[in-house]
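Below you'll find a set of structures to go through.
In the two complexes below, subunit A is the common chain; its partner is subunit B in one and subunit C in the other.
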Partner chain A sequence: MNASRARMIWSVVTWTIVLAVVFPLIWMIVTSVKPQSELFSIPPTLMPETITFEHYRRLLTDTPFLQYFRNSMILAVTTTVVVVVLGTLGAYSLVRFKYRGRETLATLVLFTYLMPSVVLVIPLYLMMAKLGLANTLASLVIAYTTFALPYALWLLRSFMSSIPVDLESAALVDGAGRMGAFVDVVLPQALPGIVSTALFTFILCWNEYLFALVLVNSDSVRPLTAGTMNMLITSFNIDWSLLMAASVMMSLPLIVIFTFLQGTLTKGFGAGAVKG
Partner chain B sequence: MHSDPPPSLEKRYARIGVVLIAPTVLVFCAVILYPLISAIYLSLFSIYTPTLAGEWVGVDNYTALLASGDFWNAALNTLIWTVGTLMLQLVFGVAMALLLNQSIVFQSLARSLVLFPYFLSTVVAVLVWRWLFNDLYGILNHVLLIAGLIDAPVNWLGQMPNAMISIILVGAWKYFPFVVIVVLARLQSIPEQLYEAATIDGAGPFQRFTDITLPQLRDVLVVVVLLRAIWDFKEFDLIYLMTGGGPVRATQTLSLLVYEEAFRLNRMGMASTYAVAMMLVLLGFTLVYLRQTNRLEEG
Partner chain C sequence: MAEVVFEKVRKTFGSTVAVNDLDLTIDEGEFVSLLGPSGCGKTTTLRMLAGLEEPSGGTIRIGDRVVNSVPPAKRDIAMVFQSYALYPHMTVGKNIAYPLKKRGIREPERSERVMATARLLELETLLDRKPAQLSGGQQQRVALGRAMVREPQVFLLDEPLSNLDARLRAHMRAELIELHRRIGRTMIYVTHDQLEAMTMSTRIAVMNAGVLQQFATPADIFHRPANVFVAGFIGSPAMSLVEGELVGSGGGDGERRFRVHCGALDVALPAGLLNRSAAPGPISLGIRPEDILLGSGHHTAAVGVVERTGHESIVRLEAQGTPLIVRAPGDTPIESGETVRFSLRVERLHIFDSTTGLRLNADTKDS
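Up next, the complex of A and B:
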């Protein structure tokens, strides 16, 4: 009797707090479907009296939103592919091989993972100007690599070190070459970890703002984060419904990924804090 | 891993290992190490951003830094922001993790929902909160007015100390889920027998918390605090987009100072000097973090 009573109380308390935490996000969705006339009513209506998708239509047709979306997609996917390929090979090497400087390298990876982007943004800005890459998507891919590579490497290393070596050893005893064993035995086992790492890296790139702010300045290459903020800054009257619609749209890919990642959230987000 | 492979094989394996890591190391040197070193080098110059024309000034930037009011102002703001938001993240995160560790209805849904703020773009978080904070039409002022907690709409972002409090609160909201994730994972690995034994010995809920839960969480909390301190210390997006460092310079942290110096005031050399100073502080943090994690791995 007491157990179910306690469960009830804990449930009510916890869910009240959970709803308070996600309220800003509920409010974002509510605002994005409210008609303009209702937006500035005092007091604000908690549930919209009429639901409209007018703001979404305007977002997609009257603003460069789709262009930004495309840019973000290209950027995040390209960076993720580059980083995950490099990281998988690198992490395998760090976990399974013995050579001089390996420990130092692992430490260096962690150090750069914790390095602030503002330190790198100035030399990178100069570097892009010198290479003739200023204001291109390529410059952002390079810049994103600076945080995505250490992150992916760190994460993959912890995923890989939890793969048992027995099967690999067995394959080697059976006469497989080191690379053969890697492709046939290690990769299939590491695949879930690699996929999770790819998704986390994608999120990181999708959400990046500072490099996008500094390194590009035209709508044709601007990703979503910088583009949407630009819509806020350049507008004469701030159109909150439109911005909330943009926020919802910007978050959609993340919500899709989120549902895939349920199982490995701790490892990905806790990277560095939780031992692999 | 293998029972004594012949030395030649071991050598060959080492070579494969080096080949596998080589592309990563190359990219590392090109996009991270080289820029890091040039940041240090640039800090010895005076550079005008639009033309990139530079002039060697030696350590002048560093003496200017030590005498600069802006730098110490930003350092103090960074300290206030970091300590303030970190404390809230920690208290709120641990409390939330304890709640979510209870048996409640729709437990896994609750656990997922709480993580959302962490995982959305800072840009989205800032847009949503600026709309909530809006002085005329924001729902926050309405709710507080109706509840009778305030008499007139509050200017959340445009005056002090409100602006600092606001960014600390939004920072706590955005980043506390990290603490929840890590602490919840640790809570689930505490053996149930410990609690059972304590209950038999007559320990109440509070005593079980202080005698079992807290000591068990200690190590993981130290790591969480260090990591979050590093990340909060270098935060740029959230503060820049919430207040832009304002009003005037009241919420300008070191990251914002570097940005302003380099891309608003067009003094890249000086900006690099500030950046190097930040790097040194973070280096200290990282060393402590490394010592801590190494200690945990050994212990």
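Up next, the complex of A and C:
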């Protein structure tokens, strides 16, 4: 087989996979701009005959969608900040400081991650109720932190351990204190790891459904997942147009974030200044 | 005053003793090498001086100040790491400026000093590059620049040349000697390369297994090694060390005379070669490769491998079971397998006590 034919076969295979992955997304977008009349037409139309933004207008004006969106944003951003700050400092401590039980601690952290979250929902709800936090965004921030932090710690730990100790030693000798060395040298080196951890945490919070369903029950604090579900999917009816419009809107922040952070995610890898 | 003093300094990691009761006084402006095989405690010693490791016992002083619990930033030292440890996310200019920035030196003085240092090290054109875009030699110069820019009292260098190729290393050796001459600061240099230590240092501290073996000038270390370890470690190729027996042969004039029996080698030592503590018994005889003269003499040996490097030939001899290494001129007409006669420069033999390992020659200096 010659090289160009092999390349062609590869192209066909990859594009097939790409199309298979992308199709539901395209279908979602297409459906969200179809008029109601065209939704269930047989045969289905791949390209809508008329394009309408009526569903988006209805979603934004007639439903609490914006309130949900705001809640989700607050929730995801707050949790991400908490998890990244705690995770970064914790991972640094696990890598750099020597203390009794360090390894045991790291392993225990992993164990908490292995616990299925569904087991924790009811106890957590009861705890939140006792603490007077039931039906607040804070209860969700705490709940999300419990399962995002262990993973963040492990992810960041492996990033931190790849940063040469010499860099910090150099900063200490050059006049920085412990914290100065951390900020000036460790953080910039760990940035790609911190960004991917932040991204992971954000997505986790943005898409979380189970805890959102159980821990809060009023529209003022419901995030997008539970809110949209509650509003558009009932036992009797699924409002497909609105659901698809909502899905598109929910995906937007993630797409925007990915586009901006792609550079940072890959930057830094393979750029070494330490030999040996 | 920036003399550096170690007093009974110890460092243990768990049950491992890395540095054992080190006593060392380095004078102001000296270039001292800490020399020894890997794991001998030399880097730990340097890191304790830098404040990166805390001593388990003893006192470290820089100038008049005990620095045991002073953080690295406040010790007025600069350090060049074996890995260079350049900050990968900063440009060359920012790397060199970092110690100044941390000490609150403002623009425009900061830039002026960075430029002056860069000019000295011929780095002016590289100031906007990132470390990853530089060659090994350039990275090394940036690391030096970052250490020099602050004009610290003491420079610490941890095997800074070990990542360079042989030619560049020779070049940088000369540069470092020149740099030391020009700035006149105390420099402490860790290396396992005796050539670097011998060529650059005013004094060398030879260490082994956490213990200081000898602290003396390069010439003393070479010509008057304090013990068997130093004798075997310094010199390339290494000194031949042969186990033997010291026997008295009683001079008639009241002077003590000794002979050495080492297998087939039987050598009469010149009067006054050994000190007063020398007594008949088991010893190690040390012979430098250049102190064996081939061609004539009453000893014979079989020639083993001959390594010719052009200007010299390294010849391995086997004198009735005793292996010896000889440095001979490059054009010596000698072939593997033949038998040669040789003589020893007996006044240059080194005699060590077999049990203590200490040198028994009369010219031994206390270190």
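The working rule: the second predicted complex is superposed on the first by the 248 of 276 C-alpha atoms of A that agree within 3 Å, B and C clash if a C-alpha of one lies under 4 Å from a C-alpha of the other, contacts with A are read in each partner's own complex, and residues count from 1 in each chain.
We take it that a contact is a pair of C-beta atoms (placed from the backbone, for glycine too) under 8 Å apart; a residue touches a chain by one contact, two chains touch by 3 or more.
Here the structure is a predicted model, which is why all the values come from computation and not from measurement.
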Discussion item. Under the stated touch criterion, which partner chain does A:A76 make contact with: subunit B (first), subunit C (second), both, or neither?
Written reply: neither
Discussion item. Can you tell me whether subunit B or subunit C touches more residues on subunit A?
Written reply: B
Worksheet item: Which holds for A:P188: it touches subunit B only (first), subunit C only (second), both, or neither?
Response: second
Worksheet item: Which partner does A:L59 contact after superposing on A: first (subunit B), second (subunit C), both, neither?
Response: neither
Discussion item. Going by the contact rule set out at the top, does A:L172 touch subunit B (first), subunit C (second), both, or neither?
Written reply: both
Discussion item. I'd like to know which partner A:L242 touches here: subunit B for first, subunit C for second, both or neither.
Written reply: neither
Worksheet item: After lining up the shared chain so the two structures overlap, which partner does A:R7 touch, if you call subunit B first and subunit C second: first, second, both or neither?
Response: first
Item to complete: Report for A:P164: first if it touches subunit B alone, second if subunit C alone, otherwise both or neither.
Response: second
Worksheet entry | Touching partner for A:L149 - first (subunit B), second (subunit C), both, neither | first
Fill in: subunit A residues contacted in one complex by subunit B, in the other by subunit C
169, 172, 272-275
Practice prompt. Report the residues of subunit B in contact with subunit A in the complex, numbered from low to high.
Written response: 1-2, 10, 13-14, 16-18, 20-21, 23-25, 27-28, 31-32, 34-36, 38-39, 42, 52, 96, 99-100, 102-106, 108, 110, 112-125, 127-129, 131-132, 134, 137, 139, 142, 146, 173, 177-178, 181-182, 184-185, 220, 223-224, 227, 230, 233-234, 236-237, 241, 255, 258-259, 262-263, 268, 271-272, 275-276, 278-279, 282-283, 285-286, 289-290, 293, 296-297
Discussion item. Touching residues of subunit A toward subunit C in the complex: what are they?
Written reply: 164, 166-167, 169-177, 180, 184-185, 188-189, 268, 271-276
Worksheet item: Which bits of subunit C are touching subunit A when the two form their complex?
Response: 47, 50-52, 71-73, 77-79, 81-89, 98-99, 102-103, 130-132, 136, 139, 146, 150, 156, 163
Worksheet, complete the sentence: The answer for subunit A against subunit B in the complex is residues 7, 10-11, 13-15, 17-18, 21-22, 24-25, 27-28, 31, 39-40, 42-44, 86-87, 89-90, 92-94, 96-99, 102, 105, 107-112, 114-127, 129, 142-143, 145-146, 149-150, 153, 165, 169, 172, 178-179, 203, 206-207, 209-210, 214, 224-225, 228-229, 232, 240, 243-244, 246-247, 250-251, 254, 258, 262, 265-266, 269-270, 272-275
